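Chain nomenclature is as follows: A, B and C, assigned in order of appearance, with residue numbering initiated at 1 for each chain independently.
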Amino acid sequence: MSIAAPSTQRNTFTGWLLAPGVFWMILFLVAPIMMIVYVSFWTQTTFAINSTLTLDSWKNFFSSEAYVGALWTTLRLWLIVLALTFIIGYPAALFVGLLVKSKTVSTILLVLCVIPFWTSFLIRVLAWRPMLGKEGAINIILQKLGLIDSPIEVLLFSELSVIIGMTQIYVVFMVGPIAFMLGRIDRNIIEAARDLGAGFGRIFWKIIFPLSLPGVVVGAIFVSVMVLGEFATSGALSGRKVNLLGNIIVTQVGSLKWAMASVVGVILTILLGIVVAGFLRIVDLKSEL
Amino acid sequence: MESKALKPILAVYVAAFILFLYGPFIVLGILSFQQGPEGGPQFPIIDWSTYWYRHLFGLTPPSRIAPLPVGEALLRSLTLAFMTMVTATVLGVMAAQAFRRRFRGAGIVFYLIVLGMMVPGVLTGLGTSLLANNVVGVERHWWTTAFVAHVVYTFPFAFLVMLAILNRFDGSVEEAAWSLGVSPARTFRKVTFPLIFPGVLSAMLFAFTLSFDEFPRTLFASGRDQTLPLAIYGTFSVEIHPNIFAFGVMTTLFSFSLLAVYGILMGLSVRRAKKIAMQEDIA
Amino acid sequence: MVQSESIFRLDGVTRRFGALTALDDITFEAPQNEYISLLGPSGAGKTSLLRVIAGFESPDVGRIHFLGRDITDLPAHKRGIGFVFQNFALFPHLTVFENIAFGLRNGIDDIADAQIGDRVREMVDLVGLSGLEDRVPDQISGGQKQRVALARTLVMQPKLVLLDEPLGALDANLRGRMQTELRQIRERLNVTFLHVTGSETEALAMGDTVAVLDRGRIIQSGTPEQIHDTPSSSDVALFLNRFNLFDGKLSADAFHGPFGPVPAANVCQNPTDIYAIRYDRTKAFRKGDTLPGPALPARFLASEYLGSSVISFFETADHKQVEVDHHLSFGDPDNYKVGEEYVLSWDPRHAIVFGQEAAA
């Protein structure tokens, strides 16, 4: 019986432990994405596609106002939602991560933020309908308060409702990482700065914000990846008025236009790559985390 | 001073923020008790009733509003989530175990796995169905293509949870077992696994809940038979009724009971150790 | 080389971690049925050596023989070598009884429950753990954990047990008691213990054989007396922490130190010229007393009472600290005055001289 040296034996063992997971990801993640790129060059006929390579679908995409418009809508909504999650999320993170002295209270607040995630994503989207509708809660409250005479109609089935819905759903992904980074700041630094006579504004911009930046970047990556790949929120809250790249993919697949769906898929992939790489350039996460 | 005023202002702000997170759901919960079958999915509440909950379970007389097609979908979703949970956790534990030793290409493998949770569901869903339809030529089902895509999505979560657990794991207990003549395989079963079990439980919880609620991948990859999120999505396009709100409340309660089971299982191991300690104190 | 008398033998064992060489071409033969202590400063490679013998790591070069058999390529669980960890590494989820029974229950051989019970109980009695069988490791003290770790290993009846600083995690009081117990247990069971320690007192007190490890090499091995009385190099003398060491220059049978030229009879080969005299051979005299040998003026700093002896610290003109160990069986020590000048001296025959050019 020949026995391999223990180190080689262990190396083979490591290989066997990794093999199933790695193969799974290559077969069912890398290969499908490659497939999207490949199929985007296939020839589309009315009811079928064949693997004759062509640029037709690409040309179609860039010559169609609706498709290019979807690209701009996606970019616009992404920037708006990203900005809103940051503006709304940062103060909350500042309170939870830094200003709350007790660890327990801070944990409770974070858990409170996470609990809604145990409700189905689609239900959470749907919950905005009775909130924003013409006879929805917000309009009723505003009318009762006498602030408006007739219900605001643009609240639901508009770009606004999609923005509100996405901001609410994704803001927690911004709060979490920022609160985490703020929680790691050594309070003594802030005390020391205060002793030296620095006001809160100065301390915030010189110390707190730079130290929380990695959290902002991680949060921004989370939010970007999810918003750019969205289609359900826009589908459910815009009444088909807002079409994102994701919605185009869904409708194209629905009508068996696989090649066009793939073109949009490739564009989405490139977009994601640029956005994520861009954020990673701001902060070197490996050294920060 | 500014900073003195800042804290109470932010406290009020955070309260408003949490209201923003919960607001829609509170409204949805209230409206689920709307009178039926005439009452619509909006205010005002005509009369309080549990009609829509009874409607959900088919306990109401037939009306023009069809019951939600959730029965079979629920069963499918539970089965799918269970299959995904088992596969993703096994893969996650194995991969994390491999990462305890340094090996060449560890960085690439790490990113390959984590990519699964970063790539948006539309893309994985589209790619998987392209591959199934146009290359392999298999029909899409929730238990084949959708299952595969669910594992791609949940395996990274299980992997990261296990990685965090194993980072803190002291390997000398395993070496101790080997030096007692116990094979590595049996050592894993008798020593490593029991000790990392709380982590495994967390990984399972992650995988199950993520898969149970998964929507974009399933939409593309699941073919004819609907899972629960697909059944809900189907009601979006048609007129909605408060029965979907009642259903939302029910699924949330289900999620919480799952969370409670997890909490109990976690607490049990801690309590068992404490119990022995207490008996010792009495003795 | 007589194989049957050695329990294990290392042939040119080398282990590197990147640029660091933890074990540097170690060749060593360990006698059977003995208590072997392996002494070395931290970072000397002690733990690496144990881990290589146990099979947790494999050497880059070299072979390991155990009971006459080459085990270099054998995985740890097939070696039959016991290992006691510094942090004990008890199974936290199992009771004391199950910790001890673990190897019997999960090993390759099927052993009947009744027999397991007997052997575990026997071991529990041997190490003095009766009454604690149902506790879990979190509920017992450090010394008890140590006994569980030992019992768990010994119940497997290994021929060789490796102990990695087994007393390091215990308080001083307990350490002394465990030293005697470990020796007694070993003698009763006829197994070889290889005990790694950074403490020279522990190594000398416990070992039948003491091996000194430095920078990945075994620089001396022998009986405690041999090591103690005739360290083979100035490094060994330094680790023993029992010698005053003086730098100087060796030339033609004389050592030129801070105490002037002294005749050097026996010179050991060493990379540097060093003069060593044991603490208990060094004596302090008042000015004008007759001296047994060289004269080294020094100022008294302080003294420390150690129960059986008193250690006095002196400082020479060039700020070197010199220790004088006075055993109380030789009568009460003199009362030295702090800051006062005294003369240190010794019988030059007791000194060991290390030199680059060993006398022929």
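Just so it is clear, a residue touches a chain if its C-beta (ideal position, glycine included) is under 8 Å from a C-beta of that chain, and two chains touch if they have at least 3 such contacts.
No experiment lies behind these values; they were computed from the predicted model shown.
Colleague: Quick one: which chain's Cα centre is the longest way from chain A's?
Modeller: So the chain farthest away from chain A turns out to be C.
Colleague: Which one chain sits nearest the middle, judging by mean Cα positions?
Modeller: Measuring from the global C-alpha mean, the nearest chain centre belongs to B.
Colleague: Compute the distance, rounded to whole Å, between the mean C-alpha positions of chain B and chain C.
Modeller: Spacing between the chain centres: roughly 56 Å.
Colleague: Centre to centre, by mean C-alpha position, how many angstrom separate chain A and chain C?
Modeller: Those two chain centres are 60 Å apart.
Colleague: Can you compute the centre-to-centre distance for chain A and chain B, using the mean CA position of each chain? Integer Å is fine.
Modeller: Comparing mean C-alpha positions, chain B is 18 Å from chain A.
Colleague: Identify all positions of chain B at which a residue touches two or more other chains, and write them in rising order.
Modeller: Residues 184.
Colleague: Quick one: which residues in chain C touch 2 or more of the other chains?
Modeller: 55, 75-76
Colleague: If you look only at chain C, which of its residues touch chain B in the complex?
Modeller: Residue positions touching the partner: 54-56, 75-83, 85, 87, 89-93, 102-103, 106-108, 134-136, 138-139, 149, 152-153, 156.
Colleague: Name, in rising order, each residue of chain B that touches chain A in their complex.
Modeller: Contacts found on chain B: 1-3, 6-7, 10-11, 13-14, 17-18, 20-25, 27-28, 31, 41-44, 91-92, 94-95, 97-98, 101, 103, 109, 112-113, 115-116, 118-124, 126-131, 133-135, 148-149, 151-152, 155, 159, 184, 209, 213, 215-216, 219-220, 228-229, 232-233, 236, 240, 244-245, 247-248, 251-252, 255-256, 259.
Colleague: Quick one: which bits of chain A touch chain B in the complex? Just the residue numbers, please.
Modeller: 10-11, 13-14, 17-18, 20-22, 24-26, 28-36, 39, 49, 88, 91-92, 94-96, 99, 109, 112-113, 116, 118-124, 126-131, 133, 135-137, 140, 168, 171-172, 199-201, 225-226, 228-232, 235-236, 246, 249-250, 253, 258, 261-262, 265, 268-269, 272, 276
Colleague: In their complex, what parts of chain B are in touch with chain C?
Modeller: 170, 172-173, 175-184, 186-187, 190-191, 194-195, 273, 276-277, 280
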